[in-house]
Amino acid sequence: MFSAGTFGRVCKTAICTVWRSNTRSASQRLDISGIYPPIVTPFTHGEDVDYQKLEENLQKYSKIPFRGLVVQGSNGEYPYLSSEERVEVVKRVRQALPTNMLLMAGSGCESTRATVQMTEAMAKAGADAVLVVTPCFYRGRMDSRALIQHYTQLADSSPVPVVLYSVPANTGLDLPVDAVVRLSQHPNIVGLKDSGGDITRIGLIVHKTRSQDFQVLAGSAGFLLAAYSVGAVGGVCALANVLGQQVCELERLCVSGRWDEARELQHRLIEPNTAVTRKFGVPALKAAMEWFGYHGGVCRSPLQPLSEAESQQVRQDFTSNGWL
Amino acid sequence: MFSAGTFGRVCKTAICTVWRSNTRSASQRLDISGIYPPIVTPFTHGEDVDYQKLEENLQKYSKIPFRGLVVQGSNGEYPYLSSEERVEVVKRVRQALPTNMLLMAGSGCESTRATVQMTEAMAKAGADAVLVVTPCFYRGRMDSRALIQHYTQLADSSPVPVVLYSVPANTGLDLPVDAVVRLSQHPNIVGLKDSGGDITRIGLIVHKTRSQDFQVLAGSAGFLLAAYSVGAVGGVCALANVLGQQVCELERLCVSGRWDEARELQHRLIEPNTAVTRKFGVPALKAAMEWFGYHGGVCRSPLQPLSEAESQQVRQDFTSNGWL
Amino acid sequence: MFSAGTFGRVCKTAICTVWRSNTRSASQRLDISGIYPPIVTPFTHGEDVDYQKLEENLQKYSKIPFRGLVVQGSNGEYPYLSSEERVEVVKRVRQALPTNMLLMAGSGCESTRATVQMTEAMAKAGADAVLVVTPCFYRGRMDSRALIQHYTQLADSSPVPVVLYSVPANTGLDLPVDAVVRLSQHPNIVGLKDSGGDITRIGLIVHKTRSQDFQVLAGSAGFLLAAYSVGAVGGVCALANVLGQQVCELERLCVSGRWDEARELQHRLIEPNTAVTRKFGVPALKAAMEWFGYHGGVCRSPLQPLSEAESQQVRQDFTSNGWL
Amino acid sequence: MFSAGTFGRVCKTAICTVWRSNTRSASQRLDISGIYPPIVTPFTHGEDVDYQKLEENLQKYSKIPFRGLVVQGSNGEYPYLSSEERVEVVKRVRQALPTNMLLMAGSGCESTRATVQMTEAMAKAGADAVLVVTPCFYRGRMDSRALIQHYTQLADSSPVPVVLYSVPANTGLDLPVDAVVRLSQHPNIVGLKDSGGDITRIGLIVHKTRSQDFQVLAGSAGFLLAAYSVGAVGGVCALANVLGQQVCELERLCVSGRWDEARELQHRLIEPNTAVTRKFGVPALKAAMEWFGYHGGVCRSPLQPLSEAESQQVRQDFTSNGWL
């Protein structure tokens, strides 16, 4: 028989008794295991944030067994929001979200000082944790030394736990493994979202942080099963905006050790996932959301809507796997 | 309860009754599931092939529960061997190898005609199957159309089954998924060795070839567990030249559904594996072999031996994981 | 005999009579030919903008025959400045700069709407033209269609002329040639700064925009001579912050057709230039400025100062070419 | 007034008196300045080498003021020829070529020993010099140390002068500048063909080898003018197979200091050049040759012929620039 947690990394201490509680003390870390949709930001046709539609999406997400939501991951078009909008969106999401759901807010900026300020503002607006992307514009100089200093300074000052975020497709850089290992020792850094999809790297990070209470989340539904297999404990999955129940079902199958079923479900999620991420990005994700009863709508410029041909390809990736 | 084969993809037809038999008929495909070391080619100090040392390595490998050996994968320094040497090495290996072990020979050349000829010569020399790397020099023109034509022409003429081989770190190109799917329908193409390590891609290939009797092998021990988790059935693992028993043990744990133990073992193999592949390549593999009682020795020029500092790093990656 | 302008692309119309005048009418385009240092932003030890030091640098630059300055190119650490700081720096530079020197301000943001607003604010603060980097976070979707739309919308609304800016080392994308050609037809888009260093591409762009009054600036001193040779008319050169007279001398030699001398000078500038750009970036540029009597100082975090070893390498690249 | 050789690097010693002579002594180096087409290998429909057509091409090339020919550069499909064919093609070309034209033969193989043997065989078959591509399969280990050792061992043993060859588009690696500088000191290494198109790098190499009698050839017509501008002395240009007179005319304009005319001609060559190299490769080059009265014909498999759409694009790149 397989106990729950066979694959998900088991909490190593008494904090398991407060599992999924947000209460923390010096010796307790926030448990971030589970599934999160990195929610999109709906816009009006004039490209203003459409808070009404945002809240309608949230009402639907509230009924899915997510661990929480990520607000302003890459799919939230955060680089297109003003500082004020970024904080306001967090505030509105917190108001609409059930209290047992974790709000993880993307507070990364290019400079350390801006990241520190944004983190404070988002915590004040109700974020339970922050997800902090690697700064990347001067990527040639963003070595371990620079990144360790950046995240340490942030974690020292942040009122809420910090989750590292490595997304090479957008940033052009991977947070180096040695930097992750070093940062995992910081009491206020609780985990990593890794969107690179290099499963060897994910396994290695789990291995080398095993003596810390440090959790790794897969950054995509495309390799969620594989990530569980090497010790990840959840995922921040764009596809969960569209097929939230199914991604949570995949989590359940992995955590309860039902690998054959898990594999079959995983297989059917790969193509839809790739369509709304790597292949066509946020415009595809928003288009697919409309097909499944959510509000997606337009992106902010310069992101363009899908062409008709692209749209059909995305649809095909859902239909050929039995989702439409 | 989990039966053996829970993770390994189960043979779908009656051929399972002749599991691991090399006998084939029109309706039977060679089963290639299992672990293979892609053996190195030992050289004398004058850089000639050292057949004596090669045979001594083979005697040791014969006692490990490998499915077979790969002769002249990338670790065999095949681009440094003359055509005559390539065939002669296959012949010598066949003579020294127990008949129940599969000899998979790397017969890939840049041109289709040379690949066809080399395949024929290797089959005559005793190869049970050929592993055929993507041609790559004109990689800008090696699209699906060209690669499908190349492999189809080869498989039509080959006297032994063909295994596709995608190794982007060396070739600079991935065999496209649509080409793999198309080629999986050829009766004489039985599988794929994928060394790219993109686990999403591996899962997708298993998914999209599910109606064929087509098998996928992981091209590295670094993601072997993850590859099993998404449906691969074995691996061609450089590290198996050094830690053969351990890699076979990992296979056994995966196939029998003992995932917690598998994960723990997998974790300890990642760093040694990276050291002898991505990080330092064949010179590191050959150096490590010496530490474990095998003959590694020098590489052919222009491959240089490790520097002292590199050598210590490789050793450290074995010792810190408890292997030395 | 070679006339001035042999290499620099000759103005094709009557506007040459107002050469280097900023006056424009419907039929006149701003002439941007010449050399520009993309100035750095000095900071105090507390990482606040040090306007005092900025102005001291400007006083020195005023005595060098630059065409103007670029404020908030990549070397200005603009991604680390707040919106307010970005505008304030432009304002202060305008106040300190002689009126005959052109102020080209980097107004690029990720979203079109933010870029439009920033452009307006900078024009109001005194910018003569704006230099607009390609948005890049969602680089997979930043195709010609998206970029043409972005720049067209901006140029339609901008109160000052727009210069396109392609800097693949930082953004991970090249503004496609077909997009440049299309955008060159817009009356308010006057040129391109190309920092990629692909000289074939630069020649092609000059060729394909020859019927427009469109000017190309080299984005680095490393290929300034070669860029003039294929039709560029100037350069925005990080190295001009340090060796401003010498870069202007190279311009003069190119424009007056003294190629042998130009080549010799160009050769001596390559290594110092690479040291303060590609190899070690802004921290090296700021360090070198100190050696030549300018204020460089610290960068904002997370950009770290050079290590001692790096600093010595940079110095070596100046001394071995006779500049220190 | 500008003398011939203003741009071409002037020979620094008495060997200038034997300019373009192949006679060498200890103190004399072969002068390789000038234009070379890297000739294609015509095949019959059965994909055998078509020596008849090869010779007919050579008769036409003999009337063009080339410095010589390159046999088995990348455009010669050398990776698709057997060792015997490689030598035989050199032999046939030498027989058909006027003695005053230099035969530079591509003798590079992956291993040092094979390269040494091939070089000897080609020299015996009549090659005046060899052009030796960087080995690349194990590119992760092909650092300066390995490459310096490879080329030094080769140059020590080669009966004819050695020209280095860096072609990153095909090999995935650049011969590092420090390795070039070191190798330029070898008495039997006379130059470098650089196909990467990084003009800053080309300028730097000319600069750092200025104390040696070392010559740099541009590896493509797309940046020929720019390469001359920074000190190159010629080019090995695929396009010269098609527009040989025009490429030689561009050389003449550069060498005689007629830059305005040179620039205009250079501009018109960029698109046709890109079409037959980067964009569509050897199949496009062979197709274009047919349009201009040469024998191009099919490539060996797996290289496929152009699709109809591709063929039209290539044609368009010639017609829009006035060549067809």
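First chain written, first letter: the chains are A, B, C and D, and each begins at residue 1.
One rule holds for everything that comes next: a residue touches a chain if its C-beta (ideal position, glycine included) is under 8 Å from a C-beta of that chain, and two chains touch if they have at least 3 such contacts.
Nothing here was measured: the structure is a model prediction, and the numbers come from that model.
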Required minimum of steps from chain B to chain C, each step between chains that touch: 2
Pieces of the assembly after leaving out chain B, positions unchanged: one piece
Longest centre-to-centre distance from chain C, chain (CA-based): B
Rounded Å distance, chain C centre to chain D centre (Cα mean): 35
Computed distance of Cα centres, chain D from chain A, in Å: 51
Contacts with two or more other chains, residues of chain B listed in rising order: none
Residue ranges of chain A in contact with chain B within the complex: 6-7, 197-200, 203-204, 206-207, 210, 220, 222-223, 225-226, 228-231, 257, 259-260, 263, 266-268, 270-271, 273-274
Chain B contact footprint on chain D (complex, rising order): 47, 74, 79-83, 110-114, 135, 137-142, 145-147, 149-150, 153, 169-170, 172, 278, 280-283, 300-304
